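So, here come the structures, one by one.
Two complexes are shown next, each including subunit A; its partner changes from subunit B in the first to subunit C in the second.
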Partner chain A sequence: MSRYFGRKLLIYGLTFFVAVTINWMIPRFMPGDPVQSMLARANIAQPEAVEAMRAHYTDLFGFDLPLWKQYANFWAALFRGDLGISIWLFPTPVTDVIARAVPYTLGLLLPAVLLSWIAGNRFGAFAARRKWLDNTALPIGYVLTATPYMWLAILLAWGLGVVAGVLPVAGAYSFAMRPEWSWDFAGSLLQHWLLPFASLFLVAFGGWAIGMRNMIIYELEADYVHYLQSLGASRRLVRRYAFRNAVLPQITGLALQLGVLVAGALVTEIVFSYPGLGHLILQAIQNQDFFLLQGTFLFIVIGVLIANFVIDVAYVVVDPRTRIGMGGAA
Partner chain B sequence: MSLTVTDLRVHYRTARGDVQALDGVTFTVADGEIVGLAGESGSGKSTLGTSLIRLNGRMRHVGGTVELDGVPLPIGDSAAMDRFRFRSISVVPQYSMSALNPTRKIGRMVAELLASRGERLDPAELERRLALVGLSSDVLGRYPIELSGGMKQRVVMVVSTLLNPSLLIADEVTSALDVSSQKAVAGTLLGLRDKGLVTSMIVVTHDISLVYQIADTIAVMYAGRLAEKAPADVVVTEPRHPYTRLLISSLPEVGVRRAERRLDGIPGAPPSLLDPPEGCRFRDRCPLAYDRCAERPPFAEVAPGHFVACWKAA
Partner chain C sequence: MTATRAPRREAPRFVPRNGKLIAGLTVVLAFLLAALFVPLTVDHAPNEYVGPAAAPPSAEYWFGTTTFGQDVFAQFVYGLRATFLVGLLGGGLAAVIGMAVGFVAGYRGGLVDEVLTMLTNIVLVLPALVVLLIVNAYLGVRDVGAQALFIGLTSWPWAARAIRAQTFSLRSRDFVDLARLSGMRTPKIIAREIAPNMSSYLFMTFILLFGGAILIAASLDFIGLGPTEGVSLGLMLNNAARWSALHLGMWWWFVPPGAGITAVVGALYVMNVGLDEVFNPKLREM
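Here is the complex of A and B:
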């Protein structure tokens, strides 16, 4: 068991290292010069002042050092929990910017992932045993799962926001409000949360429902089900066993889909101007904000890796075969 | 009279039409009798075995009746059959190695199965029965993957007979086993009957030499019909149906060397059951066939307890 997790941790560590390195590389090799754009924003005419500022900023962000040194400094700072200073929101530290955005992304992503997984599995299992539902729900599921997140998001924003006018299409809360602990504000949050959540939920829901439907049909034809039926076991027991065994590949599927879901959440945030990490990434790219971009990616990488690890552990808990395989073979 | 099957017809639905896998089968199984149901692949022996307990989705009950201990079995109505399954009629399936839910400990699965039938689990009795097949009660705390194939099969035998059914169908239980395990399983089946845990038994197999060791009666099937049914000794020593004769003569004998005598098969192949020929279905391969074979021979009793479906044998 410990060998299994040791190996897993090693793989996660390696993934983390590679991902962080790529994170560091991407903004640096992007076209454009962030210091230049900051100077342009400052709008100063005097050449000496411009030169002084350029020297200050270059020194501040460490751009005058050789690349390998920048890279080493980056890791050193990372272990101190220092992700640098945002260029876009200068001089706010990147960690603060991310900390402000994370609750929005998590508030959107976690319910969308978990609820769509649970509801999709339930619905898929339910549809598998009713022919008419199977015939109507399945094509809808295929359409949903094939829909790009942002396209459905735009469709929902246009339909429910612009045409019907029942839900707001931008922001995390009303522009007329400031964050505070009040029912009004909570209501506004919920209202703004609904559409981005729905577009994430629906796409993922279709995928899970189809997967579960196929798995249930497969499981209901398995030998152990035939045996139980031959001994007259209740339908309830048979369904329970089949559902439980059909969920196992869905758990693996969740691990595989997590990255896609996160990416989906990011573009959905952009569609709805939702102030989460996706919104930050867009701003960081537009403002040549290396540090913010790095920090945001880093946060996402860590999040996905942790979630995958949790799913790994969960799988070991629910499937005795993995447990036994580890004890026997290792 | 434990089991009476009268003119049973079960067809398989396929895209090309009905496959007449079971076409008018009539026989009885007495209390305490072990019937060996032998035949080659596709003869309908497994169809007969499974249709007595649970028709699968492609099987259709076309005609005929089944009576167990004087009560007609509604074999065409799966929901109505539930009442009889496990309690009066049970099965050790062909796929015993994969018959247990892989994600449940065996003890828990048994308890849940019994609970779903409204039966209470008696742990002492379960342990006693496991001991009968040479398993310790430890297996109850294990997952199926932790057991060997032979152990899984024995667990299934114990589970299937927990409620002392009056008829047990053992469907190709020895096919996947090596010779020494085959012998052990045959002995276990015999023990189940001798200890009164099951009243009578139908052992479906393609291995006549194995079933000969435990069966009181052997029934031979050919192309969806019974060819011959007689006490085990009689089938092996004086078979009357030409098919049975050829089948027995094609078995290897101990002490006969290959160089001295080549093993013979039966020339030809069984007819397609999608559109079987009229009359006797063996007549195309039969060395004794004559004009009358175009008419279906009755399954007639030629000697006490000896039934043969052949015009020449009558």
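Here is the complex of A and C:
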């Protein structure tokens, strides 16, 4: 078991290293000059001012140092928790900007991922091998999982928000309020949370339901199922055993889907102007705020790595074979 | 090889009977034909300002016009082209990389396998869209080709893992041993003995990568990192959101592009299930 976790941690460590290296390399080796584009954005006429700014930015990126030194400085700054200064919200440090946005993203993403996973698995297992449900629910599941996250978000916002006028479509709380500890504010938060949550939940739900349905059908062909059936076990009991086996690949699937789910949350936030990381990314791109963009990238990678590790631990808890070293792991 | 001939000759008989495969294929082909030929009948460029501003669908402009008087239908059919192109190139590149890595890792085993598996796992854990975001943000001029290239480079790992596992189970079969004993070289063994025995699986992997590439490209376009020139379905969504089509109630601007993506990708998925049932008799009997 310690070997299993050792391997996993090694991979996550290497992934982090690769992510930081990508982050460092891209501004330096991509065609296009980030300093030039930031100067263009500032749109200043005086040549002296332009020169001063160029010097400032070049110094900020450390472009005038030898490459290995730039790389070392990058890591050193990272360990000090220094991701640079945001240009969009000058002069707030990038870490602060991100720290303010993270709770919104987590509050949206975690419930949507967990609830869609649980509900999708339950529903998929229930629908498998039930003819009429299979024939009606399955096509809906495929349509849902093929839907781009932002499109479902737009449709929900349009249908329930603009046309029906039931729910708000922008922001995380009413523009008339300031964040505070009160029931009114909590109600407003919940109201604004419902639609983005629903659109994330629905798309992910379709995928999980289909995955589970297919798994159960495979499991119902397995020897142990035939054996149980020949012993006269009830349909419910057989299905319960099949479910427990079928849920293991779904846990692995959850780890594999994390990137897609995060991407879905980012675009959903953009549709609803929800002040999470997706909103930050949009602002960073529109304002050419490369420090903010890169900081957000690192933050998301770290979050995904942590989530992967949590799933690994869950897998060991659920599957006894990994604990006695028989493999069978993800 | 004889073992595989029989089921393969048998498979086509099931094709006309499999409703999912036919339904999926019909939708995909219909959209593909629309993407290929309908733009030829449109006599203006997709981004040209041709009509009245913000007009709802009419006999003249089937899908209405944008706030600036662009023809949504023209944008839609040209955008479909970009969608198929990015799926074909991005999904194709990912399939090639995934197959190369999966075959070599699964067939060679040992240290080569260790290194390739490590590489696969690293790319697998990195969230693809977020990597694409920062790559594209620094890329000054963006086109569909570059977009497809980077999508292909980031979305191959799960395919490599699946193909590696399949190769692993095939490589100790008698016919592979025989080929090796007869002095056949590794690339030839992989191409002639192993790949044909999982050809249906490879094709289905490609279809899933194709659909995945389309969805990732749509997200990138929507965030505003799509091609700097031209049209795509994702860019249409981006423009509709940016110019608040939502609040102006211009549903004809944002419904068609999303519906197009959903229909193509959904049909690909359904087609895949149909193929799975055709090739895998266990799933067929229901």
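The rule is simple: the second predicted complex is superposed on the first by the 271 of 330 C-alpha atoms of A that agree within 3 Å, B and C clash if a C-alpha of one lies under 4 Å from a C-alpha of the other, contacts with A are read in each partner's own complex, and residues count from 1 in each chain.
We take it that a residue touches a chain if its C-beta (ideal position, glycine included) is under 8 Å from a C-beta of that chain, and two chains touch if they have at least 3 such contacts.
Keep in mind that this is a model prediction, so the values were computed, not measured.
Q: Subunit A superposed: clash or fit between subunit B and subunit C?
A: Verdict on subunit A: subunit B and subunit C fit.
Q: One more residue to check, A:281. First (subunit B), second (subunit C), both or neither?
A: It touches subunit C, and subunit B stays clear.
Q: Between subunit B and subunit C, which one contacts more residues of subunit A in the superposed model?
A: Comparing subunit B with subunit C, the partner touching more subunit A residues is C.
Q: With the two complexes superposed on chain A, say which partner A:217 touches: subunit B (first), subunit C (second), both, or neither.
A: The second partner, subunit C, only.
Q: Considering only touches as defined above, state whether A:232 meets subunit B (first), subunit C (second), both or neither.
A: It touches subunit B, and subunit C stays clear.
Q: Once chain A of both complexes is superposed, is A:245 in touch with subunit B (first), subunit C (second), both, or neither?
A: first
Q: Return first, second, both or neither, reflecting whether A:158 touches subunit B, subunit C, both chains, or no partner chain.
A: Second partner only, subunit C.
Q: Minimum C-alpha distance between subunit B and subunit C after superposition, to be given in whole Å.
A: Minimum C-alpha separation, subunit B to subunit C, in the superposed model is 9 Å.
Q: Subunit A residues touched by both subunit B and subunit C?
A: none
Q: Going by the contact rule at the top, pick out the subunit A residues touching subunit C in the complex.
A: Listed in rising order, the residues are 11-12, 14-15, 18-19, 22-23, 26-27, 30-32, 34, 37, 129, 131, 139, 142-143, 145-152, 154-155, 157-158, 161-163, 169, 217-218, 221, 256, 258-260, 262-263, 266-267, 270-271, 281-282, 284-286, 290, 293-294, 296-297, 300-301, 304-305, 308.
Q: With touch defined as at the start, can you tell me which subunit B residues reach subunit A in the complex?
A: Residues 53-54, 56, 81-87, 90-91, 93, 95, 98-105, 112-113, 116-117, 143, 145-146, 156, 159-160.
Q: Across the complex, what residues on subunit A touch subunit B?
A: Residues 222-224, 226-234, 236-237, 241, 244-245, 248, 318-321, 324 of subunit A touch subunit B in their complex.
Q: Which of the residues in subunit C end up touching subunit A in this complex?
A: Within the complex, subunit C contacts subunit A at residues 118, 121-122, 124-131, 133-135, 137-140, 158, 211, 215-216, 218-219, 222-225, 234, 237, 240-241, 246-247, 249, 251, 254-255, 257-259, 261-263, 265-266, 268-270, 273, 282-283, 286.
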